[in-house]
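Each in structure tokens, the structures are laid out below.
One chain, subunit A, links the two complexes that follow: it is found with subunit B in the first and with subunit C in the second.
Right, the complex of A and B next:
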């Protein structure tokens, strides 16, 4: 059942209005209940988005992990990347460096707040790029590696309750709050008990389904919760998908020098 | 030579068979896969995926060695490289030929490659060497060209100061097709292949990162044996919001001093960049028109300039756009360049023949007769389409806006295979006699080629 903010009228109020047979009473009940912020059963969608964002934030800890990225294309075969990710959420920095294939070792992305540079070891040049771009030709985007910011980037437009496998979920429709994000519209399946996104559908401006992301496994490390396995299904090319698996997850402090151009230049070949 | 060409064709077919065969397992046997069998390769059962519980696992952080070490320290010496074999047939004609039938056919085969050695025994030290080579196998083969591309050692002081000593490619300007601010590297950007490696100088470089800002200093050694010259080039980069601003200086006693500034920024999917350079005088020699005389038989006098303050500027953008429904994607790059060492109007077109004669007599150098226009621009477009996803069309245009000449290149590549890329291309130069891109006559060229390339 689809529920929107304007039709969140409690069953009790409806029954009372019907029994009285007074249309104006019904209207008043609708207005009163809607104005009071809906019934107790309605979730606070913005609070859910905030909870998702907060639990994926490593706060004072540095985060690093090995990401194995495997892209399957029905025609072009399989491509594998091994990438090291370094994140410092408190300073809004991350560094992604390709470790395998060896031919592309040292290629990477360095983000420092609003600036994202792509480093090409071939030309030894840094160039400004966008979080919207795909990562190394896979179905993942650069923004998939940053900390979640759903509450800032999107506003809820509706929701419904449902289930996905064994999990009770809220299925929440989101609309972009600005044009800095890659997806104008999202639909997310959020587990009711732990606020974990299990599934995410990305839609274009014309509401065409572009990509489906699945998050079947999470890990809690320290106070943060992050997906350990991510699957991105390209909905435009049948059979094309990318799986990302995290390993060697660490919260050890990283040297400041890791988040610098100097480190990227040392790492190249 | 024909035998050699046929042997290369045979090699090409053999490599094509091997690369195109479906044995690209990519060493995936040991990886975790949500879909293990080939039968469910293109299917996905979400209920099964989320049906077993165990969604969340609490783990202890990995307490092993620092993950960044893998990029800084390694045992032994890493060896790698790349190769490229490009073979093609072409036909070139001019308006005077009356069409393709009257033109000339040619065949070519270019073989190139690189080899590098990389040693990283500790976090504080690294040594790197790279050689590059190429050879053109045509009816008249050219001698192989093998050269040292980079040879440097890295030293780190307290993880704060980073030194690089030796022959190195320097990250200096921000321009894509043109980079007048790149006054350090020996090699110039090839606008037709702007992302290719460039040869750098022999230098001692110091890089001091400070937060988001960077400070660099280079001491560059140049010259020939017995006559070495030292140049100094400091540079700073500051980040303001979404923009990065750079400023630098280049000084060598016998060269025109130069100051430069760069800007790079982004808006959504648009990357913008610009450079400005001021030089006092020029390292080039120029010509000016004079009456014909026994001393100036071509009507041109060669002059030098050490006093005029010259400005060079460039600005450009790169962008990518994807159709909202994913039907196609387009990437584009465009740039304008104001060349402060160029000639106004059509001066160079009117005097190019005489300038080439002065080049022949040694009064001008090759660099003096290159990039002679005041205004240049370049544009490239590339894209992919869902309907024709194996084909990659690309277009490139570059023009000398001062003399009205330029070139257009249209290419269609077949990119289904990873290491083999067949392509067809048609290019055309335009401009009047004496112009930079069509000095004798406009040329049209049609090429069919296959490139086999890879790296390890």
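Right, the complex of A and C next:
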């Protein structure tokens, strides 16, 4: 009787223990599957930044294009600039030559490795300027015309998945890795399939939204993919925005002389 | 002698029309040179005052430090050596100002304007704000860290009033974008009308926006009682810093690449220094001592060119006048040959005859010179009453008015030059008159 009772107790306990164990295994399995699923969905944010940088770089090719820059300002009205851009990423050189309006024709921005020079055809003088400065009074900065260096200059601080229009995107928060980049904080919307930045918000050190950039149209040229249309919205001055459209895009080799002060002085003379 | 002067004066009056014509030419020359000299001197003085106002002092000490990446930023972190070098109790010093500066975009709704903002320690410089000409609002309580004193021109451009809030987009010393929110505590009159009157903010708050610590600053500006002490004081500060073993930039005037350094220093002074890579690294803060006189050198040189042009015009006019005097006196001698013969026959010495003609020349030149000075004075007084509102000119003006300034030494110098040239021109005919033989002269008929 005692034995039976014990038997009965022990059998019940064993059953209970078995059931409990099964539940734990199931729970553990679910957790493992969930965890592994989550791990599989976790994007490598640094790799995404690197991919963005790589596909904006023309590598061994030279790049040239015509930029049409239209700035809408509530005070000044609409201003149109036509600029010819030449880039040689492998040597970190670029040249922006203003062709329109006539009053500004001949002004140029020449990047020669570490130095960015502004040329004023009236005084015929070069002066030192910075990539962080606004380009010709627009909402674009000089650095917007150079290759991207997000992986070097920023570290991701968070992300979420979302959508922008029809695109599935990662919304990634970035913090400047050092204090010498213009934007201390960025939030970028990157398409999941092609690592294209579709939208970018720039925040000040005090974390106030300063500028929103939209990149609705990309063009593939060689191994690079670059935005064909860029829209910069000034979030501080109401109603101010700049649209940049690229045309006459080419990867033809450029003579070395293009990236020299002498060329800038001769151009549009 | 008195008799000679009397005769010369009488002769001049006798031929008044001729004397007036010659004197008129001299008067015109003197007037031109006096006005131009006075204008350039006045303009230099005005530029000096305006520049001192804009830059906030007469002697400036700017600090430069290196970032971790070796880039130069304008910052005075540790100012112990500087405090020791500048004795604020020095009777030559009127006031000392610690400033941080930034050139930022002031934004109000859909309007924006670029302006210089200076960070002021209002608690330490209690008298500073009280000296400003307030148009609206108040400078009595500036304890709000976000308080901003805004020049009237900026306020008008933005359409903002005292009490309202605006945004300022600016860059930190390392070039990062930042945005600060300010409340307009007061709107002040523009002392300089073309946007060079700065806006003033609390030093600590501005520092927090441009990436400096609360007690740091970028420039120490010193106002002096006597501008003649500028160079001496700057030299003393430089020497004291050097003796303390602090890194200090050579004074501009001693530098080989003067223009390059000057441009850099001006950039620093107006908060526009690009964060360039330092050529030779150093520890701590490196100081640069700059003076108003050094900044004024190009202006003074430009005005010197204007003065030289004026002197050239003056000398040409005098040359023409001298030829006129020469010819006139030769005619006078022909006309007065018999008179000279009579005087010589009555025993007048050759020397006396020469003196009469030279005195006549002196009367004409001094009379013309005096008339030129009076004319210049009248024109200067009239022009200085006109108020000019042209933005391009205001740096040369004193509150919108042209200022004429000339020293007594310059006036006397100009008159002496006129006198010397006139006497030189008259000397040849005067000698000819003195050499006339009485008998021959008396026998001459015209």
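Observations, loosely collected:
Everything below uses one rule, namely that the second predicted complex is superposed on the first by the 229 of 269 C-alpha atoms of A that agree within 3 Å, B and C clash if a C-alpha of one lies under 4 Å from a C-alpha of the other, contacts with A are read in each partner's own complex, and residues count from 1 in each chain.
Rule of thumb we're sticking to: a contact is a pair of C-beta atoms (placed from the backbone, for glycine too) under 8 Å apart; a residue touches a chain by one contact, two chains touch by 3 or more.
This structure is a prediction, so every number in the text was calculated from the model and none was measured.
Superimposing the complexes on subunit A yields a three-chain arrangement in which subunit B and subunit C clash.
In the superposition on chain A, no contact is made by A:149 with either subunit B or subunit C. With both structures placed on the common chain, the touch criterion links A:161 to neither subunit B nor subunit C. Legend: residue contacts after superposition of the two complexes on their common chain; A:120 is shown touching subunit B, with no touch to subunit C. Between subunit B and subunit C, B contacts the larger number of subunit A residues. Touch criterion met: A:202 reaches subunit C, while subunit B stays clear of it. Contact with both subunit B and subunit C is seen for A:129 once the two complexes are overlaid on the shared chain.
In the superposed model, A:55 makes contact with neither subunit B nor subunit C. Of the two partner chains placed around the shared chain by superposition, neither subunit B nor subunit C is touched by A:92.
Once the two complexes are laid over each other on the shared chain, residue contacts for A:181 go to subunit C alone; subunit B is not touched. The superposed model shows subunit C running into subunit B at a single listed stretch; among 25-33, 61-69, 97-105 or 367-375 it is 97-105.
Shared contact residues of subunit A, touching subunit B in one structure and subunit C in the other: 74-75, 114, 128-130, 132, 179-180, 184, 204-206, 208, 210, 236-239. Subunit B meets subunit A in the complex at residues 22, 24-28, 31-34, 41-42, 44, 46-64, 66-68, 70-72, 78, 80, 82, 116, 118, 126, 128, 154, 156, 159-160, 162, 169-171, 174, 194-198, 207, 209, 212, 214, 239, 241-242, 244, 264-266, 268-269, 271-273, 318, 320, 324-326, 386, 389-390, 416, 418, 454-456. Across the interface of their complex, subunit C is touched by residues 74-75, 114, 128-130, 132, 176, 178-184, 202, 204-206, 208, 210, 236-240 of subunit A.
Residues 67, 69, 71, 107, 109-112, 167, 169, 171-172, 174-180, 209, 211, 274-277 of subunit C touch subunit A in their complex. Across the interface of their complex, subunit B is touched by residues 64-66, 68, 70, 72, 74-80, 84, 86, 97, 99, 102-103, 106, 112-116, 120, 122-130, 132-133, 164-167, 179-180, 184, 191, 194, 196, 198-199, 204-206, 208, 210, 214, 216-222, 225, 228-229, 231, 233, 236-239, 243, 245, 248-252, 254-258, 260-263, 265-267, 269 of subunit A.
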